[in-house]
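Both complexes below contain chain A, partnered by chain B and then by chain C.
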Partner chain A sequence: MTLLEVKGLRVEFSGREEPVRAVNGVDLEIERGEIVGLVGESGSGKTVTSLSILGLIRQPGRITAGSILLDGTDLRTLGPEQLRAIRGARVSYVPQSPRGALNPLLRIGKQMENILVSHGEGGRQATAELRRRTVEMIEAVGISDPQRALRAYPHELSGGMAQRAVIANAMILRPDLVIADEPTTGLDVTVQAQILDLFSERVREQGAGALLVTHDLGIVANYCTRIAVMYAGRIVETGPARAVFQRPRHPYTVGLLRSVPVLGQPLFSMPGQAPDLRALPSGCAFAARCANVLPECAAVPPPWREVAREAHRFLCHLEDGAPL
Partner chain B sequence: MTTTATAAAQPPDLLSRLGGLWSSGWAGLVLRRLLLLPLTLLLVVTLTFVVTRLLGGNPAVRLAGAQPTLEAIHNIELQLGLNKSIGAQYLDYLSGLVHGDLGKSYFTHQAVVSEILNRAPGTIELVVLGALLAALLGIGFGMAAARRVRRPLDQITQGFSILGFSTPDFFLGAVLAYFLFFKLGWFPPPAGQLPFSFAPPEPTTHFLLIDTALNGQWDAFGAHWQQLALPVLTLGLIYFAPMFKITRASLLEILRSDFLLYAEACGLKRSIERRYAFRHAMSLVVTYVGIIVAALIGGAVLVEQVYSWGGLGTYGVSAIQNNDFPAVQGFVVAVGTISVVVYFLVDILYMVIDPRVRLG
Partner chain C sequence: MSVLLEVAGLTKRFPVRGGAVHAVSDVSFTIEEGESLGLVGESGSGKTTTGRCILRLVEPTAGTVRFRGRDITALGRRDLRAARADMQVVFQEPYESLNPRMTVHQIVEEHLLLHRPELSKADRAAQVAELLDKVSLRSEHGRRRPHELSGGQQQRVGIARAIATDPAFLVLDEPTSSLDVSVRAQILELLLGLQRDLGLSYLFISHDLSTIQYSCTRVAVMYLGRIVEVGPTREVFEEPRHPYTRALLSALLRPDVDQSVSRIQLEGEIPSAITLPPGCAFASRCPVAIGACVEAVPELRRVAGDAQRAACLRAEEIPALMATPGPG
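Entry: the complex of A and B
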């Protein structure tokens, strides 16, 4: 059975003005053992999509439609306590800035123990057992002096160490699905590579599935088996990472790939800006910026098109996608 | 820092050990704060000395009676040492202070130290209990309101806190005394700390709550609690307002914070999550409790007046009105000392709550 199956997800943020459709009908599938890269500009709905899967959309946001099936169970039908029991244990989360996410007042070890205790591990007589597991996990994320790291407060850790700590938090209960939201922003490139190596190794070793939210196409190319490209709250292209990189179809994906700097060539930047999510056109949201726009694009919603035999799909009026 | 450097160069002796202590987070911070204490107090004393002298008004004139002769005034000045230069007076005062002598009141001829020892404890009891009540109410309702933004409970408590902000404490004191004592008779008359029918206990600590208990005078103990009830309630209700506001605001911020979102994403138990939020809110709340206690030690005068408390604030006001220099200075030194100690305790608590502060 598919590990995660998101169907027709819509998330709206209602304020005093028109509601903002942050996520506007997203379909997403993740199998065990694969790392799916979710790519897009800021504001495209990547983070909102990943928080929806965790059931963590806060007021004034609201999931208005769709289903989120984890091994066939719709998470939207579960009560708050059932959801809580799943979070951290079966579906875990690696945050964007670990030092802002970890509790500044508690030692790293205590925070890990709290996660274990919250999911029914340990109990009063088994403190030693809890300790042993945290030490083991901290070692597994490549921290050489686990005792010291567990005794440290978050502000005493470097960015890379803190990132390792939250990965340890995410992995300690051997989750089925890990959602990582830009887990390496703000890290040095070398540390970034170490962390991502570690992350993908942990995920594979545990046979979990992962959603890696990023705006860095280089990361997707190196670590992801599949890619999903988001634009204005929708997924506009998805497929095996190799296929998409070899022959991107959606004009937006083409633009994104061309925006990756190449040594010796002038940097390409996509014209225009992300659309206002309060007033989306009835047709394709990308039409206004598209270099290959057709007369029907602005008014008629684009259809899904499949690239033969490759599980590679894109949302566009152009039959074969944008020319390269 | 320099202390550490010089200490490190010497063989391990007391000095270098002190140096080590100095630079090691926790103890060092406490040590440095302790050393700052007398310095702060010296500054307070000096300032008061200068200000009382600048205020003008000659206490000798007041003491000399209705139609004083110049000679009489001069004699009194000689007696009180007011004829000396300001510098000499200041040095006299400082040397007295070092020996625990704050001088004698010009009017009562009592040692200022003993007058203050008699009056401060009553005020401390009142203010600490009032601030604790305010904190309990404020934290409780603040936390409840933050979880129910713009729902009835939140709006009603917000209304009460606006009332608290806009009502003068002595007015609420008078209103409570009028209704709860005069009209309903639920509480004893606002006539001081202990009704006249009770013999005051042996003054061991000067705190009536402690001294009555030490002597086993339980009926006096109970009577003192009854006397405390209304003024404590007054302060509690008034200072509930800022405590409520600060708790509600900081908890709201915490509930929206990244780290609580992450706590939720880790599926932490509600009880653990609540503990996280509470501890964060506390670091700000503790500071405010400290500020309120420190401000009220000398500043609860009007409430003290309404309840004939005879506390420190009352003493300070009459000392100023009388140009009673030693008494004014004694009052300021007492208030200053208590405030500095309170802030010191707040800092310690702050360090207990938040490890980031321990870095110094």
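Entry: the complex of A and C
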């Protein structure tokens, strides 16, 4: 059975004016053992999509449609208690800022023990057993002096060490699905590579599935098996990372890839900016910025197109996608 | 070409309890008229402090900064203010660097009021309109306030303000880092276009090697307050002579599924700038360090070609010792 299956997800944020339609019909599947890269720019809905899976959309936000199936169980039908039992144990989260994810008043070891205890693993288990598991986990995230790290308060750790501790927290209950939202954005490039190597190794080793939310196409090309590109609340292209990077089809994906400076190639500068999510056009949301726009694009919703044999799909009026 | 900016022995220490943060130590480089020098490094490497010391937004502890031969560090307040008409800065966070109470027109006009008091109101308005046009903003943007603009538009305002007094030199401090990928390319193109049209020189500070590779003819790599390698971008990126430059280049993740770079895995992170290690600051993480590395700070010396210099005792052996990262 598919580990995660999101179908027709819609999320709105209401205010005094027209509601902001942050997610407008997202379908997403994740299997065990794969890392899916969810790519998009700010406001594309990638973070809202991941928070929806975690059941963390709060007022004024609201899921208005769709289902989120974890091993066939729709998380939207569960109550707060059931969701709390699932979060951390079956679905866990690695946020962008490790500082925000760690309690500044508790030692790292205590925080890890609390996670175990709050999911019923304390109880009769001796303290020594809890200790053993935290040491094992902190070693597994590549911290060479585990005793010292477990005794440390978050502010005593460097950014890279703190993010390792957050990953340890996210993995200690051996979740089936890990959602990481820009897990290396605040880190230096040499540390970024360490953390991503470690993250993908842990995910594979534990046989979990992962959703890696990022704006960085370099990360997706190097660490993800599949990619989903979001624009204005919709996935506009998805497929195996190899197929999409070798022959991107959606004009937005093509533009995004060409916006990364590479020596000896002209830099492509995409005109304009993302549309207002309170007033989305009836047709394709990218039409106003698209270099390959057709007369029908602005008014008629684009259809899904399949690239034969590759599980590669894109949402566009152009039959073969943007020419390269 | 003639030298526009000459930085020599620039040093900045911030006093803290029990010592000092050695943010910048003995940094020297030159920038020629119309040239872009890229300054790369990770957080804490001292690249931002270097840029700020040059403009004296932060007072350097030691060293000289000569702009067209005149020592900026020796100027009094009035002369410094006048000199800043010629040397300006674009900040990383456009929103935080713009006064939220002022309109775009007022923000861009402010530098003209300060540096060109002789202009009439009508002339100033005409100049502001021209500046907005140069950064591809429409005249109605002038009436808006920063929060009404997108991140890319805010950065355009920051750039219009920086070029208002017709400067020769700009410090660009991560000008595209906080922007979305597609907007980054727009702003980078704008900066490169302005450089061509106005003959500007840039100190382009960035942690993003692709951006530097694309926009700068020369590059200096900083680690823990010192320049460890400097030279023509092409040569430094193709055959780096400092182990840190190699590691940095090999950690660069390109949007390419066939990237076949053997990554140089560095242990640990950048050490504290309060208690500097003796000798080479990179030695604690360096995969090819030898005993002599911790004895004295290695000199930044010529190692290849005319202009490529590296601060490494083993610079000559580095290409043989470490796998070639190569620029993709």
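In this text, the second predicted complex is superposed on the first by the 318 of 324 C-alpha atoms of A that agree within 3 Å, B and C clash if a C-alpha of one lies under 4 Å from a C-alpha of the other, contacts with A are read in each partner's own complex, and residues count from 1 in each chain.
Following the convention adopted for this analysis, a residue touches a chain if its C-beta (ideal position, glycine included) is under 8 Å from a C-beta of that chain, and two chains touch if they have at least 3 such contacts.
Because the structure is a prediction, the values reported are computed rather than measured.
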Combined model on chain A: chain C and chain B, fit or clash: fit
Touched partner set for A:Ala308, first chain B, second chain C, both or neither: neither
Which superposed partner A:Asp188 touches (first chain B, second chain C, both, neither): second
Which partner, chain B or chain C, touches more chain A residues: C
Touched partner set for A:Ser97, first chain B, second chain C, both or neither: first
Touching partner for A:Leu324 - first (chain B), second (chain C), both, neither: neither
Touching partner for A:Met1 - first (chain B), second (chain C), both, neither: neither
First, second, both or neither for A:Leu217, with chain B first and chain C second: second
Partner chain(s) touched by A:Ser158 [first = chain B, second = chain C, both, neither]: second
Partner chain(s) touched by A:Ala89 [first = chain B, second = chain C, both, neither]: first
Partner chain in contact with A:Ala128 - chain B first, chain C second, else both or neither: neither
Minimum C-alpha separation between chain B and chain C after superposing on chain A, in Å: 6
Chain B and chain C footprints on chain A, overlapping residues: none
Chain B to chain A touching residues, read off their complex: 256, 258-259, 261-270, 272, 276, 279-280, 353-356
Residue numbers on chain A that touch chain B, as the complex places them: 54, 56, 58, 84-89, 92-93, 95, 97, 100-106, 114-115, 117-119, 153, 155, 166, 169
Chain A partner contacts - residues on chain C that touch it in the complex: 42-43, 150-152, 180-186, 188-189, 207, 209-211, 213-215, 237, 247-248, 251-257, 259, 263, 265-266, 269-270, 327-328
Touch list for chain A against partner chain C, complex: 41-42, 158-161, 188-194, 197, 215-222, 241-242, 245-246, 255-257, 259-263, 267-271, 273-274
